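Per-chain residue numbering starts at 1, and chain names A, B and C are given in the order in which the chains are listed.
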Amino acid sequence: MTASAFLSQLLQLGVALLLAPLLAGWVSQCRAWLQNKSAPSLLLPYRTIHKLFIKDAVVAHNASPIFRVAPYIVFGAMCCAAAIVPSLSTGLPFAQAADTIALVGLFALARVFIALAAMDIGTAFGSLGARREMFVGFLAEPALLMVLFTASLISGSTSLPTIVDSLAHRDLAIYPSLAFAGVAFTMVSLAENARIPVDNPATHLELTMIHEAMILEYSARHLALIEWASALKLFNYSCIGIAIFVPFGIAAGSDDWAAILGAAPALAAKLAIGGFVLALIETLSAKMRIFRAPEFLGTAFLLAVLAMLVHLLLGT
Amino acid sequence: MAAGIPFYAQLINLFAAVLLLISFAMLAQRRVLSLIDLFAAQGLALALSTAVVGWGTGQSHLYWSAGVTLTLKVFLLPFLLYRLIRRLDVKWDVEPLINIPTTMLVGIVLVVFAFNLAAPISNLSSTVTRSTLGIAIASVMLSFLMMITRRKAIPQVIGFLAMENGLFFAATSATYGMPMVVELGIALDVLVGMLILGVFFFQIREQFDSLDLKHLEQLREDE
Amino acid sequence: MIEILLVLGIPLAGGIVLALIGERGHAPTVNVATSLLTFLASLALTARVIRDGPLLVLDQQFFVDPFNVFLVALTAFVGFTTSIFSRPYMRIEHEHGKLTPARLRLYHSMYQLFNFTMLVALLTNNMGILWVAMEAATLTTVLLVSLYRTPASLEAAWKYFILCGVGIAQALFGTILLYFAAEKLLGAEGGALLWTELNAVKGGLEPTVLSLAFVFLLVGYGTKVGLVPLHNWLPDAHAEGPTPVSAVLSGLLLNVALYAVVRCKVLVEGAVHNGMAKMLMMGFGLLSVVVAAFLLSRQKDIKRLFAYSSIEHMGIITFAFGMGGPIASYAGLLHMTVHSLTKSAIFFAVGHAAQKTGTQLIDSIRGLVTISPSIGWGLAIGTLAILGMPPFGVFASEFLILTTAMREQPWATPFLLLALGIAFAAVFSKVQPMVFGETTARRLPHRPAMFPVFVHLALVLMLGLWTPPFLADWYRQAARLIG
């Protein structure tokens, strides 16, 4: 591993960690604009995290060690994921250790621990949320895998940097399969990031919440880590989407530092647009009943499978 | 990779994919009104792809074919269907479809089957559009599946018309379209068939006060 | 060429005229006159073919060869006699209040257009136009099946429309595949769908594609032939429509659909040499014969009974063409002719009987010879003829088919014999009490129009005893063509 590659890796991880709360703030700001509300500050997520870190943690008496370690594991998994998703350049030495399937595995690991922690305390809401989270995850994962497989089939590799390399540096061509996969990926991202129409990140209405129900028992630094991890998850998903569907502008390799730094504005612009679109989707759609989620995610899975079939048939 | 294929062929592939997507959407759509819109959209994708094939291969008769498709399947038939459901007052009809996911899975299996069925034919074909033949067969089969799963008259008929769309697309993708006189004949048949069905719906409604096909299951094999 | 134009033009013009005046008192006469003129034109065409041999006219779009010439004459003839039959029949239906003038107009117009579509299907050289005409034949008859607007007739018409529509869509796909295979050899200009052109190059057509095409074509047109298991629409449509429509459906439409199958089979046999087309046709044919024979005994409605009998006979003919060879194909063609004549005659008689007794239920119709001797005897003779009693033509053709089957496909013979035996027992035991049973009904005053029935039966009798040399010659040539 060259020093330059190492630096590139560190830079991208740092960017992910620092920008993730900003992206979350941007989405909620767009949402507020679209709904004619006065927007919260763009930096609100940072302040929240900071505030939570300086508070004293309260942990339930009957909490087991799982409850205590879960936030760290979740956060760690998200950091690892951030380390293998190219955001500025494809020079990610760490990515050689883990491909897209491992990426899905990391997300699953985080999900399992947060669900375990939610059940650990034994409150009704925790179990309810855990059950729903696993239900949604169980439906979303195959669809996500199918999307990633489609991209892998097109580029001939399951490693994200390689996918980006081959997709970003091709002749301009229409890929119907990628269009299908893109729609499927959007749907999966909505479900995975606890967004409308599957979940509502801003609600504490017990009948509908999924993600929020699981983390009700957390406070202070634990909650801060989980909030940060959620923001990171959104950031990771956005970067995966950018890497597969609009990879133009991401620098190749880790030697050309001008290109890597030049990729930063492109990334910022793409994230800004992506965040706005997410807010738009959330504003335009209504949250559906939890029992409609299988239909929603089934459609995503269907689209992803179609994308793969279309790719196999048309060769594009 | 797609780099070796000319741009118009990529466009055709895109329209083919859209056609397939719409077929699936029709399979899952419960509302009659949206079904008609989807049917019109499918017609549009068909007309556009026919026109693009004509543009890419210099077969000028395909422009006429695309024009016929556009008039008939994007404007005339949806217009007739709209008028029909307004006059029959079934505009907000919602069909209770059970088990959409299962239907979808069956649909996927059908798509795989269709792609396999088309593979030997596609290999023999020399047209640039040959790879879309599988999609054409798939959308025919999906329309067929839709007809089977529907219990109301109008959705069933839309499925029938969608099947015709798939067949037209098959003709375009495998052979650059049938001779013009045949295409005109088919278009005429479809139009007349639609008009006759319109009359027929009124007869059914007059007789049964509904368009539910469960009334039409009285005749048995051994009576 | 002028003859072909007349054969096609007269019914088309008649259909348009009747669409305008079809409800007037003299419309049935116009209908008969149109059919008569069509018949005369077809006779002129036949005479022309006897004199000059096969024709290929109008930029090759229409043709007459030994295979379709007699079918054209037969179609025009049965169309003519049915129109004679329908004149009093529909008048009485009207008097009974079952039909309004508007529906009568629809009936007359559609009747002529139906004849037109069938003649187009027979005469066209273009496989695409053949498809268009077959679909149009469905469209013209679907509103005739639902003419009475009863729940059952609406259901029958809906089934007819949807099943035949889906079926015929398969045939369209088959036609596309055929065109796809032919286009490589003949180029994209219109020639690639012309049957004569295809027949000339059939040896070079891609076998894989043609095999697949034939499956779709057989399923598609086979639905209209009424082959089991695609036959569901047929008994309903026959039983619920007006009797003249049942007569032309059974006597003509099934023939024309089978004609389309056989035209396709000729091409496929030329390209694919593994006997797949033969096996498929024999299989479907045999299945139809057996299933229809077993279902015959369970029928309670007289028109449904004879509809199942039509399925059975179509199965026999399909089996015969599937077997192939000069004798079996000859017998198949003969059977097409005599079945068409006999079955329409039976429907005429049944129609009168049902009209006089006011019911179609077999158990409620008794003692027809007492009520009206001509109807009773007409039905009795017709039934004997269709069941294959000598000396009628059906006997001759079935005998030829059976003997060929014993020699070439011995495995199939027991099934055929069994099915024919069951069919005989079923139909005979049902029709016998209808004709000769006890009845309390009074003799009816007016005499039925039985002229078409006896003309048909006389022709069938003649074909059983003696085939005109030119007809036999056509059969032989057509059989050679079919292979």
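To be clear about the criterion, a contact is a pair of C-beta atoms (placed from the backbone, for glycine too) under 8 Å apart; a residue touches a chain by one contact, two chains touch by 3 or more.
All figures in this text were calculated on a predicted structure; none of them were measured in a lab.
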Furthest chain, CA centroid comparison against subunit B: A
Most heavily contacting chain pair (counted by C-beta pairs in contact): B-C
CA centroid of subunit A to CA centroid of subunit C, Å: 67
Rounded Å distance, subunit B centre to subunit C centre (Cα mean): 31
Interchain centroid distance [CA atoms averaged], subunit A/subunit B, Å: 38
Residues within subunit C bordering two or more other chains: none
Residues on subunit B engaged by subunit C in the complex (per definition of touch): 59, 117, 120-121, 124-126, 137, 140, 144, 147, 153, 156, 160, 163-164, 167, 170-171, 174-176, 178-179, 181-182, 185-186, 188-189, 192-193, 196-197, 199-200, 203-204, 206-208, 213, 215-219, 221-223
Contact set on subunit B toward subunit A in their complex: 1-3, 5, 10-11, 13-14, 16-18, 20-21, 24, 28, 100-101, 104, 107-108, 111-112, 115, 118, 131-132, 134-135
Residues of subunit C touching subunit B in the complex: 126, 128-129, 131-132, 135-136, 139, 142-143, 146, 149-152, 154-159, 161-162, 165-166, 169, 172-173, 175-177, 179-180, 183-184, 188, 190, 192-193, 206, 208-209, 212, 232, 235-236, 240, 295, 298-301, 304
Of subunit A, residues touching subunit B in the complex: 154, 170-171, 173-177, 179-180, 294-295, 298-299, 302-303, 305-306, 309-310, 312-316
